[in-house]
Amino acid sequence: MNLASPLSLAGLAAAMALLSALASLLTQQTPSLMRRLVMPALGASGALALVGGVLALLGGQAETLSLPMGLPWLHWELRLDVLSGFFMALIGAVVIGVAIYGPGYAREFEHGNDSLPALGGFTGIFVAGMQLVVLANDAFMFMVAWEVMSLSSYLLVAFQHEHAPNRRAAFLYLLMAHVGGLSILLGYGVLAGFGDGFSFEAMRAAQLSPGWASVAFLLAFVGFGMKAGLIPLHVWLPEAHPVAPSHISALMSGVMLKVAVYGFVRFTFDLLGDFQWQWGVLALVIGAVSALMGVLYALMQHDLKRLLAYHSVENIGIIYIGLGLSLIFLGTGHALLGVLGLVAALYHTINHALFKGLLFLGAGAILHSAHERDMERMGGLLRRMPWTGLFFLVGCISISALPPFNGFVSEWLTFQAALQAWALQSGVLRTLLPLAAAMLALTGALAAACFVKVYGVAFLGQARSRPVRRAREVTLGMRIGQGWLAALCLALGVLPTVVVGALNGIPQQLLGQGLTQSTAHGWLWLTPVSADTASYSAPFVLIGLMLAWWLASTVLRRGAVRKVRRCDAWDCGFAPPNARMQYTATAFAQPIRRVFGGLFEIEEGVSQGEDGRERHSLHVNDRIWGWIYLPIVRATNAAARRVTLIQSGNVRIYLGWSLGTLVVLLWLIS
Amino acid sequence: MVDFLNPTGWALALLQMLLFSAGAPLLIAWVKRIKSRLQNRRGPSLLQPYQDLRKLFGKEAVMAHTASPVFRAAPYIVFGATLVAASVIPLLAIELPTTAIADVIVLVGFLALARFFLALAGMDVGTSFGGMGASREMLISALAEPAMLMAIFTLTMSAHSTNLSSVIEHVLDAGLLLRPSFLFALLGLLLVAVAETGRIPVDNPATHLELTMVHEAMILEYSGRHLALMEWAAQIKLMLYGVLLSNIFLPWGIASRLDAGSLLLGLVVIVAKLAVLGVILAVSETVVAKMRLFRVPAFLNLAFMLSLLGMLSHVILEVGA
Amino acid sequence: MNELYLILALPAIGAVVLGLVRNLRMASWINLGVSAATFVVSVMLALRVLEQGPMHSDKLLVDPFNIYLLVLTSFIGLTTAIFSRPYMEHVCHTGQCSPQRMRLYHSMFQAFMFTMLLALSTNNLGILWVAVEGATLATVLLVSLYRTPEAIEAAWKYFILCGVGIAQALFGTVLLYFAAQHVVPNAEDGLNWLVLYQHAGELSPTVMGLAFVFLLVGYGTKVGLVPLHQWLPDAHSEGPTPMSAVLSGLLLNVALYAVVRIKMLTDGALATSGHPHMAGYLLMGFGLTSFLVAGLFLHRQRDIKRLFSYSSIEHMGLATFGFGIGGPLGTFAALLHMLVHSITKSSIFITVGHASHIAGTQAIDHIRGLIRTQPSVGWGLLFGVAAIAGFPPFGVFTSEFLLLSATIQSWPWLTVSLLTGLVIALAGLFRHLHPMVYGAVPEGQTAVKVNMIPVAIHLLLVLWIGLAIPAFLANWLDQAVQLITGEGLL
Amino acid sequence: MNLMHLSLLEQTMLVLSALALFLSFALLAQARLTTMVHLFAWQGGLLALLTAVVATVGGAHHLYISALLTLSLKALLIPWMLHRLIRRLQLERHQERLERQALVMMSGAALVIFSYWVVLPVARLELADTRNVVSLSLGIIQLGMLLMVVRRQAVAQVIGFMSMENGLFLAAVAATQGMPLVVELGIAFDVLVAAVLFGVFFFHIRESIDSLDVDLLTRLSEAEQEKLASEAEGDA
């Protein structure tokens, strides 16, 4: 096959990632190789993935390649079709940013006892694993790649394992990842049981009874939801994502969750086929709950990375809302609207990959130059790190779904999908969908609140601690890495028509139907269903805003006094404000905490510090943990304690067991 | 969809944008006037807001040492976003090219964008009041947004479109129907509008009493042209909601053809509607007292409930209607 | 056949010679040499069998089923010998064990290898019994090598329990012989495997059922099936680490091998009777119980070697379950699982040996921060455990994957319990592993001289199998499957 | 079955096996170690005799060898070794009263009945001319196990183990007229080695816990670890 074909590019991408993993073994002796060899290789992998993915996405036809690996009767087979092409491109886009950003960030590990080979190596394997998951064309290879992805990311979570919380997080992550993996495996098992064998072709051909189809769907939903971080399966996510090195957090939150979404889409829309609207309802409800709870928990955080991790839960929720809508429409026979939901979900998928990656890189930049993750100790960073500040602002606007950035477009599409509820027969569904849309609206508004808090507390105002006051702008590479993602955020926000046009290939392939109308009126106009139902022209919006700003800033200023005098803040004439008088993140979230108090487990109190001062302490905990997970842990430990009674230590009792077993067996067979 | 090469359409859009920016202060003045009348005061002249704006534009701007570029950019962004939002709403006529550029959801997006930067500006200087105002503003808007969208969804679902022109057209074509869903939606949207525009009982634009401020707290540090832009934006926002309410629920009189006569009619009608709305607002503000911040959620839940009722009654009572 | 005789002769002679050699260094080298020679010869034999097909005399027998176990056995014997050289030297320097006992150790090591190979290659079920019993006798003194009270207690339990168990097996063998006498032409070879296998259909079901139960209980004790397993953790944890490696890498396999051979006969005999799958059901029951119970046991461990011996029980349970399910896929999976488990587990025990030298104790609570103290050991342990816990790309995942798919095909609902067990086991392993490998270096813990080459070899092998099952191995296993189930997979 | 149809030798065979079973009961009941050794020796003797009888009945001449083997090994050598051990361990006077002796006896009887019930279908097959001796031998085996379960004394346990071996041997002889010779030899060798090793272990145990009471051998138990664990949790 020719080397320029998308698939071979994608394959090369995975190979390059593995290569960078190998290369990083050399960094033990010469740390500088991290900068000079490992990260460039990773970037190359990303670029190849991006190119190959985009080509496949536009090319539209699938190609396969069989590798002499795996089981003797089931060789690994790579397959690059439109869907996997899209996700390859997504992975590539973020990986490029990370690879440009990485060297500067990894420099701090060159001295100190964290091992660079581990960092580079596992990163490479991690990326390769994700790319292979997307490329896999049989359940076995899929599971191998999937678990490799989990394992390597687990090792990256445990990278700085001196800190006990990191170890705990890694353990929890590994455990839940394993549960999820097994659940997925079981789901594939059901499909394989009805089809013949574990190759995806066989599974597509499989004819399932509705009952078994639902079982398979549930297994897949749980399995992929576990990785994607749907509530209530999300508890590992806010623990694990923050403790990894920031560019890894960007990969985990930005890309790995999307790989989970890929798995779900591949499983449900491609392999499973004939849809039932009840699935959609499940996805919709869980998605809506995840979105709302995710953003609410995020609002309660003051650890920046943890906050971002909770926002991943929120955005995954939004994606699943889109998928749920799609399933509902498909299940009730409205193919076109189903396509709309799917496209909205996929659009949000790539958007979230971009801006969440961007935000994590920004958080990493802060961590890198101020060594601070706690927002309560930040402040005024915009003046110290203007570029990071700018890019972070872009991220904030995008994730808050504000025009003209990308986050808005996908949420707009989701709304459009939800608003087509009138097409449905059942009145219940017709009310459910707008309700979900209202939840989505609430989520969006709360997200905006949350990021006003983040940006206002971290980047605006005055510095709240010395290291933050000393913070300096990060290296050029780290800035470019962020800038790349920021630029993409804007581009996807302004040119939605192009993106949707490209995305169209996916439903074409999976469902045999695309959004015929969406781009019917040229690249300027996004008209998902039809022109008079709804239309959105992002370029014009951008132009309009620019125009208005220009108007306000020039026309109105004509004649006005131009110069600006600097002096102390007025603040209603109180004493000039100092850093400690600023509104803190906790204070900012207090009204919301009070309004939604029932959802959190709040421990608030005043304690006597060792220096005799009174200290106010506030802990907001996840209720889910106590509701679901602790009981399981207790049950396991109790069972383990019971079981140890077999091993009493007295040899006579052991003999008794032996005799008893014999007698019982003899009695059984007689 | 409307043709975009029709210059009159664009001219009209530009015209109504100007009308918005020009008329907004007048509306405020009108409301103030009625209020003071109701309180047995003479009240300021109807031109007072214009004079205030002129004065502010004339003054030099003062900024705190700690203020960042965001603080400086915010007024322009807020004003711009609000203005663009306003340009999307059919004021005099339906056939607006701009309504195709941005539908009602985008409209909400524009307002959210403005709010986002307003709140950031509040946080920027790092005063306690600014933060307080931002925090409260975001809470209120967060609670208001679902109610607002729910109300709008009620309309859009019966109109099968989120394009404001189409919605209004739909209502016009349907003729005068007494729809329970619209009734509830209207009430819900009214409450939302009160909350979003920072009027009593949610917020009191006339006070600088620290603990009750919301909007004022955020623009506390502004002065000169910056302040002017912020104030102006707020006024436009108020008018925007007024027009939205009146033109969506009672669109009669709005020009569906682009000739001078109907446009003039449209102008007269909209002025009348806004005048009435202003009176209602003034009356309600005189009879109702400002409520504690933590009563606001209840207020907005009521709004949401009303909108939800609207949606339900649409689904249950008006299917196929 | 000559290679086969050579394979048996080498360790036998080695045992005798090593019994006489006084010089410790020389002894360990001889031990190494003999193991290496055995391995080489077994590989040669394997190649022969691969091209010429099975061969047998009336005493000995080589078929695809046992040849792969033969190679595995001699291979693990070799790597363990490599590891045991520096390890036992270290033991001697710390004075845990006197030179003449080292002589015993080396000689018994080879004696054990001899019994293992004999048990695998014999064509006579009686000799099979004798060999397995001999394995017990050879290892019991090694378990008590350090002469600590614990060691002696462990050895005593090992001795008594396995002795009693094996006695049951003998009774089973007698019954088998009894059943055979009336069907085989010549009563003398009533225990000759091949003959029996030819006449399996004619054996009286009643007697065979009875015999199978006794043999299952007997050899099952050696496999470590719950609730007959109690000797296993003790013996593994108290014996010298190389011993633990071979015990859990080889002895369990050989015992399971015996069980499977018997099952083949029983299935043949019961094929026409009322409940043809009786043997399979019993194996499934025992396998599942062992798997789940052992998984729970993992959670409460405080001794690192006990921990991994329970994991051995768990995996043996899994393999037994696989054989119980039967069918080409299940059997293939079980065979593969035996293979990868013994490779992985022996490598883990080797690493654990080093780890306990680094920390100076086997108590999990005192083994800390291995990765920082000595990265090779720390990562080795981490990856070994990841492999045994069934993470790809290591081979254990492959076998477990196949096992699961076999289960889904025939017993869909059992998969749930299997998955639960896997998760419980994973949690049990990693909750102990984490503090051991991660974290900062504790006070006074220093690196020691280690030889991680065997570990690397083992893990690479498992990795290879996990990424791509080599064709020859696949065919090999497939022939074994054909032998056991009658139908092939490929 | 009807004794009438049996030849005298066959009848003696049955009598001998019955006696062997009785001896197992006696072993179960006997408190004094030395006496147990004697009983064990007697059992071995009986087996040897029985083997010889079977040999003459079935005309299986290789059985004479194994009869000789048994006599020398089970009746003379091993008992002698045990005696020496007991003397060197100063256990001549050692007595171990069984608690709940009646219960043990009853369960022993129950086991015998059970094994009879188990083997019944086999006997029904009428394959062997030596009717139910197999079930007797199984009974002896199970009694041996029972003995090991109820006796706390290491030596007593070993005697139980050896009497199990006797049971096995009886089974082999009665059911199949002995195993193939090579197997016989192998078994004999194993038993011998086992006996020697047991001897070694007595001393090891003695010096480690200066007693031979196996109930004291409970260092290695999860229950113990359980206690530690709970303490650890208590500290934490």
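Odds and ends about this structure:
The first chain written gets the first letter, and so on, giving A, B, C and D; residue counts start at 1 in each chain.
The criterion applied here is as follows: contacts are C-beta pairs under 8 Å (C-beta built on N, C-alpha and C of every residue); 3 or more make two chains touch, one makes a residue touch a chain.
Please read these numbers as outputs of a predicted model, since none were measured by experiment.
Shared contacts of chain A and chain C, meaning chains that touch the two of them, come down to D. The set of chains touching chain A and also touching chain B is empty. Chain A has the Cα centre that lies closest to the mean of all protein Cα atoms in view. Look at the CA centroids: the one farthest from the centroid of chain D belongs to B.
A separation of 99 Å divides the Cα centre of chain B from that of chain D.
Averaging C-alpha coordinates per chain places the centre of chain C 30 Å away from that of chain D.
For the pair chain A and chain D, the distance between C-alpha centroids works out to 68 Å. Centroids of chain B and chain C (each the mean of its C-alpha atoms) stand 78 Å apart. Residue positions of chain C touching 2 or more other chains, listed in rising order: 156-157, 160, 164, 168, 210, 233, 297, 300. Listed for chain D are residues 118, 121, 145, 148, 214, 217, 219-220, 222, 225-226, each touching two or more other chains. Chain B has no residue in contact with two or more other chains. Going by the touch rule set out above, the chain pairs that meet are A-B, A-C, A-D, C-D. Every residue of chain A that touches chain B in the complex is listed here, in rising order: 379-380, 382-383, 393, 397, 400-403, 408, 412, 415-416, 419, 421-422, 427, 430-431, 434-435, 437-439, 441-442, 444-446, 448-449, 451-453, 455-457, 459-462, 521, 525, 527, 531-537, 540-541, 544-545, 548-549, 551-553, 556-557, 559-561, 563-572, 577, 579, 581-583, 587-592, 594-595. Residues of chain C touching chain A in their complex: 156-157, 160-161, 164-165, 168, 209-210, 213-214, 216-217, 221, 226-228, 230-231, 233, 278, 282, 293, 296-300, 371-372, 375, 386, 389, 391-393, 397-398, 401-402, 404-405, 408-409, 412, 415, 419, 422-424, 426-428, 430-431, 434-435, 438-440, 466-469, 471, 474, 478, 489-490.
Interface residues of chain D, counted against chain C in their complex, comprise 118-119, 121-122, 125, 127-128, 134, 137-138, 141, 145, 148, 154, 157, 161, 164-165, 167-168, 171-172, 175-176, 179-180, 182-183, 186-187, 189-190, 193-194, 197-198, 200-201, 204-205, 208-209, 214, 217, 219-220, 222, 225-226, 228-229, 232.
Chain A meets chain D in the complex at residues 641, 644-652, 655-656, 658-659, 663, 666-667, 670. On the chain C side of its complex with chain D, the touching residues are 124, 126-127, 129-130, 133-134, 137, 140-141, 144, 147-150, 152-157, 159-160, 163-164, 167-168, 170-171, 173-175, 177-179, 181-182, 188-191, 204, 206-207, 210, 233-234, 237-238, 297, 300-303, 365.
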